[in-house]
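In the part that follows, the structures are each spelled out as C-alpha cells.
Here come two complexes built around chain A, the first alongside chain B, the second alongside chain C.
Right after this comes the complex of A and B.
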C-alpha cells in the first residue's frame, strides 16, 4: 500500500481522534498546571495541583479502593468466566437461548443495572435479598451505609455486568481449540479437569489475557455503578478515582478544575503502569509481523 | 452433545466409544439424570443473573404505595400506572428519541471512518501502524473525564453544548480506538493476495475495498456496529457532562430520578424496563453474530 492511500484511508479516523481525543487531552494536561475555571483562561501555578492531590488523603483512599476492586474483579471474571464458558460450550441445542439470556446483564446500561441492584438489596426500598438474609440469619445487612457490605455490593454489580462479556470472549476462544488436541488428550486418558488445566487453558492463554486487559481498563475507570449503589461513597471510603475527579471538578459546578485535571493525569499514568505488559506485548507482536 | 436414548449417530466417535464401554441398559437413566442436572444448573444460573431485572419488573408493576415497602410484597394486582405516569408527567419521550438518535448517528459515523482506517492499518507495514495501534490501546483505556471535561468547555465555547450532535461526536471519537482495533483484527484474517488479485484485475484500491473487502467483512462490520450501538446506548458519563435538558438521554434521566420521591422512583424503574426490553431482544439477535464474529479470529489476544 502506498503512503498516499494509507493517508486517505486512515486520515479521517486519525483526524477525529486527534481533534476530539488528543486536543482535549492536551487541554487536561494544560489545566493540571493551572488555577482555572470553565470558560475562563487559567493562571499558571506549576505543580501546585499535584502537590495538593498528593496531600489529600481522599486520593490515597480512592487509589487503594479502585486498584483492589480492579484486581479482585479481574481475577473473578477470568476464573468464573472460564467456568461459565466451558459450561455453556458443553450445552446442546439450548445453547443460543442460554447465551441470549446470559448476555442480558451486559447489554443493560450500567447505570440501569446498578439501579436494579440497589433495589434488589437496599432494605429501605424493600430489597428482597436483604429480606431473605434477615429471615434466615436474623441479621439485617446495611448494604448502602456499611463500608464492607457496600464494597461487596459494588464488586458484585460490576462482576454481574461484565461476566457475560468475559464468558462470550472465552467461549469464542474455546471454539477455536482444535478438536484433534482434545481427542489426543482423551486418548491419553486425561481426566476432564486435567484436560482443562493442561490443554485448553494454555491454548487460549491469549484470550484470557484479552479478558484481563479489558477488565483492568474498565474497572479502573469505575464510575456509573457508584452513582446508584453508593450515594455515601465519600463517607464510606468507597470513592473510586473517577468519582473523586467528578466530585472535585464537576459536581454542582465543582470549582477545582485544576486539581481534577491533575488527578486525571495521575490516573492516566496509573493505567499505563497497569497496562504496561500488554502494551509491550502488542508492540512486539506488531513489529514481528 | 445430548443424544436421544437409543440413537447412536455414526459420525459421533465419542458416542461410539461410550457405547462399547457402558452397559446398554444403564444408558437411558444416566442420560436423563445428566440432562436434569444440566437443566437445573442452567435454570439456576439464568435465574441468578436475571434476578435484578425480574425484581425490577415486579417493582414497576406494583401499585405505587407498596412498590418499595419493607418487608417486600410478593402478591399484588399488576398495574401499568408507573408507565402511564412516566409518559404523561415527564419528557421521557424526547429523552428516548435523543438516546436513539445519538446511538444511530455515532454508530454510522464510527463505522464510516473506522472501516477504511482499520483496513489501512491491517495492510500498511511500518512504524506508523504500530504506533497507531498502541495509541488506540492507550486511548481505549483513557479515563473519560480527561477528554469529556475539556469537551464540555469547548462545546460551551462553540455553542453546541447540550445538543445530540455534541454527544454523538464525542462518542464517535471515544469509541473509535475500540472499533478500529476490532476491525483491524478482522481484516488481518483476510489474505493480502486477495487484494492483489482484485487490483490486478483493474480495481483501484478504493473500488476493491468497496466491492471485495466490505462484503467479505459482513460479520466483522456487523459485530463492530453492534458494539458501537451498545456503547452509545449505555453511555452515562459523557451524556451527564455534555447535556442539560434538551439533549438529555434516558440513562441520565434515570440517574436524576433516583434521589426523588416514590412516584418518581417508580418512574425511573419504568424507564429502566423500557430501556431493558429492547436490549434483551437485541441480546438474542446479537449473540449469533457476536460469537461467530468474535471466534473468526478477532480475539487472538
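Right after this comes the complex of A and C.
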C-alpha cells in the first residue's frame, strides 16, 4: 500500500482517536495537577490532588469494592457464559429463538435495565422478588440499605446485563472448535465433562481471555446501575470508583474537577494493572501463531 | 426466503422502524398542548433566524410556564427550544452552560437556593432595568414582593419569580378520622399519631419523608434546624452553627422518626414518597407543594379522594415550622449572545396573569391573590406553611455547605456516625467553605 493511500485510509481514524482518546487523556492528566473549576483556567497545584485522594478513606473503600465486584462478576460471566454458550450450541432449530431471547438484556440501556431491575426488589414499586422471599421465608430483605444484599443486587444486575455478551462471544468460539478433535475425543472415550475441560476449553482459551478482558474493563467502570440500585452507596461502602469520581468531581461540596481527574488517572492505572495478565497472555498467543 | 415472505419481513421492519421513530418523537416533545396557554409575547424580533434555548426541568408545576413560553414566543424566525430534562440534569447543565464566555442556553430555570451563588459569581444578568421597562405590559407589579426578594442578591433581582414551593403535609383523612387523630402540629404529636396508626395494624410505616441519602436528606435537616430557630451559618461572624445543640437536636429528631418510616427511607426521593402515598403504605408525608396535586388525582391513586393537607408541624412546638420555601423563577445567563430584552419579554410573558392562572392547581404562582381554596385543594396548608417558614439564608456559600454536609447527615441518620461526631464533621466542612468565601 502506498504511503498516500495509507494516510488517506488511516487518517480519519487517527484523527478521531486523537480527538476522542488522546486529547481527553491529556486533559485529564493536566487537570489532575490543577485546581480546576468549570470554565476557568486551572491553577497548578502539583500533586495536591493525589495527596487528597490518598488521604480519603472513601477511595480505598471504592477500590476494594470495585476490584472485588470486578473479579467476582468476571468469574461468573466466564463460567456461566460458557455453560450458557454450550447449552445454546447444543440446540437444534430453536437455537436462533433462544439466542434472541438471551440477548434481550444486552440491548436494554444499562440505566433502564437497572431501574426495572430495582423495581423487582423494591416493595414500594411492587417488589415481586422481595415479596416472594418474604412469603417463603418470613424474612424482609432490605436490598437497598443493607450492605451485602445490596452488593448481591448490584452484582446480579451487572451479570444479567453482561451475560449475553459473554455468552455470544464464547458461542462464536465454540463454533470454531474443530469437529475432528471433538470426534477424536469421543472415540478415545472422553466423557462430555472431560471433553469440555480437556479439549474445548483449551481450544478457546484466547476467546475466554478476551471475554475476561472486556468484562474487567466494563465492570471496573460500573456507574449507571448504581444510581437506581444503590442510592445509599456511599454509606454502604458500595460506591464504585466511577461513582466516587462523579461524586467528588460534580457533587460533594460543588465541583472539584482536579481531584476527580486525579482519581481518574489512578483508575486508568488500576485498569492497566488488572488487564496486564490478559494482555500479556493474548500477546504471547499472537506471537506463537 | 420466498419473495412474499421477504416482502412481509420488509413491511414489518418498516412498520417497526416508523413506530420507533414515532415513539422517539413523542418522548422528545414535552411541550404538551395540554398545559400550554397562549399569551401575548410581544418582543422585537431580531433579523434572521434565531434560536432561543430554554433549560428547565420537567415537573407538573414548572411545565405550564415552560410550555407557555415555548408555544407563545415561537413565531416568525424565532424558535424557542426546550428539551425534556430532570432536576439533576438541570443542575449539571446549569453549571456547564454558565461556565464559559458563551453557553448553550439563553433562559434558565433558577431557584432561590442557587441565586446568591450564581449572582455573586456574575453568571446571571440583573433584571431590574427590564422589570421597570416591561412592568406595565406584563403586570409584573403583581408579583409577590417576598418572592422577588428571594430571587434578589445584593439588592439586584436575578430571577423573575414564577412559582413557589413550600413544604406541606399530606395525610390520609380516612385513617386519621377513623382513629380520632388530628393533623400533628409538632414532631411529638407526629410520633404519637404514627404510633396509633401503627398499633391499629393496617399501616406498618405511617410516616413518609423524602430522606434520600445523596440529596433530600439535607433539606430535611435544614428544615428541622430552621424550625428550632437556628440558621446554618452566621454571616456576620462568618461562622457555622452546625455543632450547636440545635443542630444535634435536629438530627436527633430526624432519627427519632425512623421507627415509623420504611426501613429503606434513606433511599426515597419525593417520587418514591408520592408512591408510598399512592399505594397506601404510608398515612402522612411531608413534601414540596409541587408534588401535592398529583396526590389528588384519581388516575394516580385509589386513595386520592381521602388525601387532606395541613401545614407541616414545628419540631418542638415553636412558631417556626419544619419547613423551607423555594422560589422558582427564570434567569438570563450573563453569557447569552441573544438580545436580552427579547429574552426578558419571553420570560415575563410566561409569568403573566393568564399563564400563572393556567398553572393552578399544580403550582403556587408568584402572583398575589391567585391561590384560593377553589383554585388549589391545599391552599390553606400552603398559606399556613408560608407564614411559618424559617428565614431564608441567601448567601453564596449556602449551596456549597449543603452539598458538603449531605453525606455526613446521611451517615448520622443511617447510624454510621454518632450525632456528636457528625455535627463536628459538618462544622469542620462548613468552616472550611466559609474560610474560602471570606
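Assume the second predicted complex is superposed on the first by the 273 of 289 C-alpha atoms of A that agree within 3 Å, B and C clash if a C-alpha of one lies under 4 Å from a C-alpha of the other, contacts with A are read in each partner's own complex, and residues count from 1 in each chain.
Note that in this section a contact is a pair of C-beta atoms (placed from the backbone, for glycine too) under 8 Å apart; a residue touches a chain by one contact, two chains touch by 3 or more.
Remember, it's a predicted structure, so these values are computed and weren't measured experimentally.
Enquirer: In the superposed arrangement, does A:192 touch chain B (first), chain C (second), both or neither?
Expert: A:192 contacts neither chain B nor chain C.
Enquirer: Considering only the touch criterion stated at the top, classify A:124 as touching first (chain B), second (chain C), both, or neither.
Expert: It touches chain B and chain C both.
Enquirer: Check the residue A:217 against both partner chains and state whether it touches chain B (first), chain C (second), both, or neither.
Expert: The answer is first: A:217 touches chain B but not chain C.
Enquirer: Examine A:277 and indicate which partner it touches, taking first as chain B and second as chain C; both and neither are also allowed.
Expert: neither
Enquirer: Looking at chain A, does chain C or chain B touch more of its residues?
Expert: Partner touching more chain A residues in the overlay: B.
Enquirer: Of the partners chain B and chain C, which touch A:255 in the superposed model: first, second, both, neither?
Expert: A:255 sits against chain C, while chain B stays out of touch.
Enquirer: Which chain A residues lie in the overlap of the chain B contact set and the chain C contact set?
Expert: Of chain A, residues 38-39, 123-125, 231, 250 contact chain B in one complex and chain C in the other.
Enquirer: What residues on chain A touch chain B, complex-wise?
Expert: So the residues of chain A in touch with chain B come to 1, 5-6, 9-10, 12-14, 16-17, 19-21, 23-25, 27-28, 31, 38-39, 84, 87, 90-94, 96-113, 115-117, 119-120, 123-128, 131, 160, 163-164, 168-169, 171-173, 175-176, 183, 186, 205-210, 217, 220-221, 223-224, 227-228, 231, 241-242, 245-246, 249-250, 257, 260-261, 264-265, 267-268, 271-272, 275, 278-279, 282-283, 286-287, 289.
Enquirer: Help me check something: in the complex, which residues belonging to chain A touch chain C?
Expert: Its residues touching chain C are 37-40, 122-125, 140, 142-145, 231-232, 234-235, 250-255.
Enquirer: Contact residues on chain C for chain A in the complex?
Expert: Checking each residue of chain C against chain A gives 92, 95-96, 98-100, 212-214, 262-264, 266-269, 272, 275-276, 279, 281, 399-400, 403-404, 406-407, 410-411, 414, 416, 429, 433.
Enquirer: Residues of chain B touching chain A in their complex?
Expert: Those in contact with chain A are residues 1-2, 13-14, 38, 41-42, 45-46, 49-53, 55-56, 59, 67-73, 112-114, 116-117, 119-121, 123-125, 128-130, 132-135, 137-154, 156-157, 169-170, 172-174, 176-177, 180, 205, 209, 230, 233-237, 241, 250-251, 254-255, 258-259, 265, 268-269, 272, 275-276, 279-280, 282-284, 286-288, 290-291, 294-295, 297-301.
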